[in-house]
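For clarity, chains are labelled A, B, C, D and E in written order, and residue numbers in each chain start from 1.
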C-alpha cells in the first residue's frame, strides 16, 4: 500500500494513458469489454486519487522525480538544481485531481448510452481517456514545459471530441474555433516558458520560484502566461469561443471541458501564487484577476438570459460562475503580501473561490448532462421547440431542479455555502464585488427558471408523445453528481476542512512548495 | 562566430510570431489562418532553439565530436517536442477545415460561421 | 496515376528511403535523429508512393486496421518501457548495465557503440513504429478524402 | 474601427516581443547554464548514450516525450475520427 | 463532527435550514388539508376553463422561451445592442481580443513596476 501511494502520482496519469492505447485494440475485438475497461480504469483512478488525497492532507506535499534512483531524489547528488521532470502534488493539485476524477468517471458512464448510436466509438473512448490523462498531467506536474505538453494533450483531444458528431456543421465550426484558440494560447505559453528558461536556465516551477527576479522580461512572460491561461479558461472578454465550442460537443464531453477550464484556471493560479509568488506585484495582478472575474460574472449572466439554445445558455452560465472563483482567489492574491489581511479575509476569500470550483464542478456537469439528456430525447437543443417534458422525464426533471437550485445559490444547497464565503470575505475588500455577485446570482436564478419553464413545464406537447426517460447509465451518471451535491450540502464544514483549506494554504504557502523540490533552504 | 549585435536570431523569431499574429487577425481565409498558426509555431521553435546556442559550440553528440564547448541540449529537446506537437495540431486543424468546407461550402471565416451571439 | 517511368523509379527508390529511415531510427542514440525523425523519413517515402500510384491502390496493401494496431502497439511499447522501471521510479533507465544495450561508452568523444544507451534504442524503435503508422494513416486518410472516399470505422 | 484597434494592439504586442528580445542575453552567450552543463557532462555516464539530445529526450525528459507521442497519437485518432464514414456499418460483434 | 461552516464574520449551518424547511412543509401540508375535498381527477373538473372560449391546443398555449422576460429585454435593449456587438462569431476577432488583452495587461504590469 505504501508503495502504491508512493507511485500514485504517476499511476494516476499513466493508467488512463495506457488504457487509451489499449482501447483501440480491445475495441476491435469486443465492445462490452472495452466499455468495462474504460469504466474500471477510471474507477481505479478515483480510488487512487482519494488515497493520495488522504496522504497529502496528512503528510504534506508529495514529490515524484521521474527516472531518478528514488522518487524523493529531486536534485541529483552533488548538484544544486533539479534536472529531471518532477511531479509535485500539493493540496491544490490533489483538490483539482479529486474533481477531475469524479467528473471524468461520471462522463464516461454518461457516454455509454449517450453516444451509443454513433460511429467511431473506439476513437471516442480513446480520446476521452487521453483527455483525462492530459488533465491529470496539468494538475500534478511541477515542470513548466511538462505543463505545456499536457495542456496540449487536453486541448487537442478536447477539440477532436467537440467535433465528434461530424454530421452537424456547427460541431465542426466549434471544434475548429477551439483548436485555433488553444493552439495560439499554448504557443504563447511556450514563448513565455522560453523567456523564463533564457534567464534562469531552469524549467521546474519550484526552482524558478526560488531565483526569480521579476525583471521586465518576467513581466512580459507573466502577461503572456496569465492571458493565455485566462483565455483557455474562458474569461470575458476572451470568452467568445467558449459557448461556440462547449454548446456543440456531446454533453458528457462538455461536462469534462468545464473542468479543463478549471484546470487552466488552476494553472493561472499556480503561475501567480507559486511561480511568481512573493516577487509578484500582488495588488496589480490581483486586480487584473478581479476585473476579469467581475466582467465574466455580469456579462456572462446577462448573455445567458438572452440565449435560446439550452447548451449555449448553460455555457454562458459556466462563464459567469467561473467569475466567482476569479474574484475570490483574486482578492486573496491582491492581499498576498499582507499577513494581517490574509488572516482577516484573504484566506476566507480564497477558500470561498476554491470551494466554488468544487461546487461548480458538481452542478455544472450535472446541468450539462441534463441538457444532453434533453438533446438525446428530443433531438434538438433549441428551447423554443421544447415544452412539457417533465411528464415524461421525471428523473431528469428532479436532477435539473437540484442543479438549478444549487447554481443559483438557494440555501441550503451547496452553491450557497461557497457563495456566502465569497460574499462575506470579499465585502471587506471592496463592497462592489459582493453587490455584483448577488445581482449575478439573482439573474442566474431568473434565467434558469425561464429555461425550466420552457423545457419542462406546461402541457404535454404532441410532438413529444413518444419521448421516454433517458437510459439508465445516463441517469446513474447524473445521480453520481447529484449525490456529490447532496453530500457537500450536508457536510460543508467537513469538506472545507479536509480539502478546501489545505488547497488554499497550499496556494498561499509558496515556501513549502519550493522546499519540497529544493530541500531546506540553507 | 563573433558576437552578433541586437540579437538578430531572437528578433527574427519575435517578428515571425508578430507577423503570424497579423495574418491571424486580418486574413479571413481559414487556410491562411492555419498557415499563420504554422508560422507562429516556427517562430516559437526558432526562439527556443536559438536560446541554446553557444558561440563556437559543437553539436551535443559525442560521436566523433571535435574538441570545444557544446551548445545547450535541453532547448533542442524542447524544440523537437514542440515541432511534433505542432505537426499534430496542424493535421487536426486541416481535417477540421475540410469538414467545415464540406458542410458550409466556404473557407471564409465570416461566411462559414453558423454561431454568433 | 502517373507515368510508367515515375512508377518504376518510385518502386526502386522506396527501398532506399525505407533503409535510410530505419538507419536513422536505429542510430538515434549515436547520431542526430531518432524515432520521430526516422519515422518522418519513412512516411515521406509513403507520400512518394501516394503521388506515384493513386490512393486506392495503396489502400489495398495498407489496411487501416493494420495501421491502427501498429500505432497502438508502438505507443504501448513506449509506455511499458517507461513502466518497467517502476520498481525504482517511472522512466528509470533500467537497461543501463544490463546485457542488452547496457554498455557504457568511454566518456568524451568516441566512435560510438551500438549496444549502449539502455532503453533509448528500444524506445526509438517503438516511437518509430508509432510515427510511421500514425502519419501514414493521416496522409492516407487525407488522400482518400481528396479522392472522394472515406475512412472505414 | 476594428482595423485601427487591431493594428494598435498588434503593434503594442510586437513592440513588447521585440523589446523583450533586445533585453535577452546576447545571442550565443547564455549566461546561466548550470542544468545544461550538468547534462552535457553526465549524460554519457548516466544513460550511456553518445547523443546528449537523445538522452535528454528519452531519459531526463522522457515523460515529455511520452506526452509528445501521446499528442501524435491523439491527433491521428482525431483525424481518423473526423474523416470517418458517416454511414454506420452492419453490427459486427 | 460539526455542520457549522465559519465564514469569517458569520456562520452557516445547513441543518437549521433543513429543519426550517421541514417545519414550513408541515405548515403547508396543514393548509392543504383544509382545502376543497370535492376535487376529482379525470373528470370535467380538471379541464381548463377560459371564460367559455375554446381552449387552444397544448402546443399553442405553452409559453415559449422567446416570450418570457419580454419586458426585461425591452428595458435593457440598449445594453444588449452594445453587448452583442463583440459577439461576432468570427475566429479572427477572438484572436484579436487575445492580442489586445495581452498588450493591455503587459502595459499595466510594466507601468505598475515603474511606479514602485
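By definition in this document, a contact is a pair of C-beta atoms (placed from the backbone, for glycine too) under 8 Å apart; a residue touches a chain by one contact, two chains touch by 3 or more.
Everything numeric here is computed off the predicted structure, so don't read it as measured data.
> Of the chains shown, whose Cα mean is nearest the mean of all protein Cα atoms?
A
> Of the chain pairs B-E and A-D, which one is connected by the greater count of C-beta contacts?
Per the contact counts, A-D leads.
> Using CA atom averages as chain centres, what separation in Å is found between subunit B and subunit C?
23
> How many angstrom lie between the CA centroids of subunit B and subunit D, rounded to a whole number?
It comes to 9 Å between the two C-alpha centres.
> Any idea how many Å lie between the Cα centroids of subunit A and subunit B?
The separation of the two C-alpha centroids amounts to 28 Å.
> Using the touch rule from the top of the page, what residues of subunit E touch 2 or more other chains?
Residues 87-89, 91, 93, 95-96, 99, 102, 106 of subunit E touch two or more partner chains.
> For subunit B, which residues are shared contacts with two or more other chains?
17, 21, 24-26, 30, 33, 51, 61-63, 74, 78, 80-81, 84-85, 88-89, 91-92, 95-96, 98-99, 113-115, 117 - these are the residues of subunit B that touch more than one other chain.
> Check each residue of subunit C and list the ones that touch at least two other chains.
30-32, 36, 68, 71, 75, 79, 82, 90-91, 93, 105, 108, 110, 112, 138, 141-142, 145, 153
> Can you name every pair of chains that touch?
All touching pairs, sorted by chain label, are A-B, A-C, A-D, A-E, B-C, B-D, B-E, C-D, D-E.
> Write out the stretch or stretches of subunit B touching subunit C in their complex.
Answer in residue numbers: 59, 61-67, 80, 84, 91, 94-95, 98.
> Considering only the defined contacts, which subunit B positions touch subunit D in the complex?
For this pair, the touching residues of subunit B are 1, 3-4, 6-11, 13-15, 17-18, 21-22, 25-26, 50-56, 60-63, 70, 72-74, 76-78, 80-81, 84-85, 87-89, 91-92, 95-96, 98-99.
> Name, in rising order, each residue of subunit C that touches subunit A in their complex.
65, 68-69, 71-73, 75-76, 79-80, 82-83, 85-86, 88-93, 153
> Spell out the part of subunit D that touches subunit E in their complex, as residue ranges.
2, 5-6, 9-10, 12-13, 16
> Within their complex, state which residues of subunit A touch subunit E.
Within the complex, subunit A contacts subunit E at residues 176-177, 180-181, 184-185, 188, 214, 216, 219-220, 222-224, 226-228, 230-231, 237-238, 240-241, 244, 281, 284-285, 288, 299, 302-303, 305-306, 308, 344-345, 348, 352, 383-384, 387-388, 411-412, 416-417, 420-421, 424-425, 428, 446, 450-451, 453-454, 458-463, 489-494, 496.
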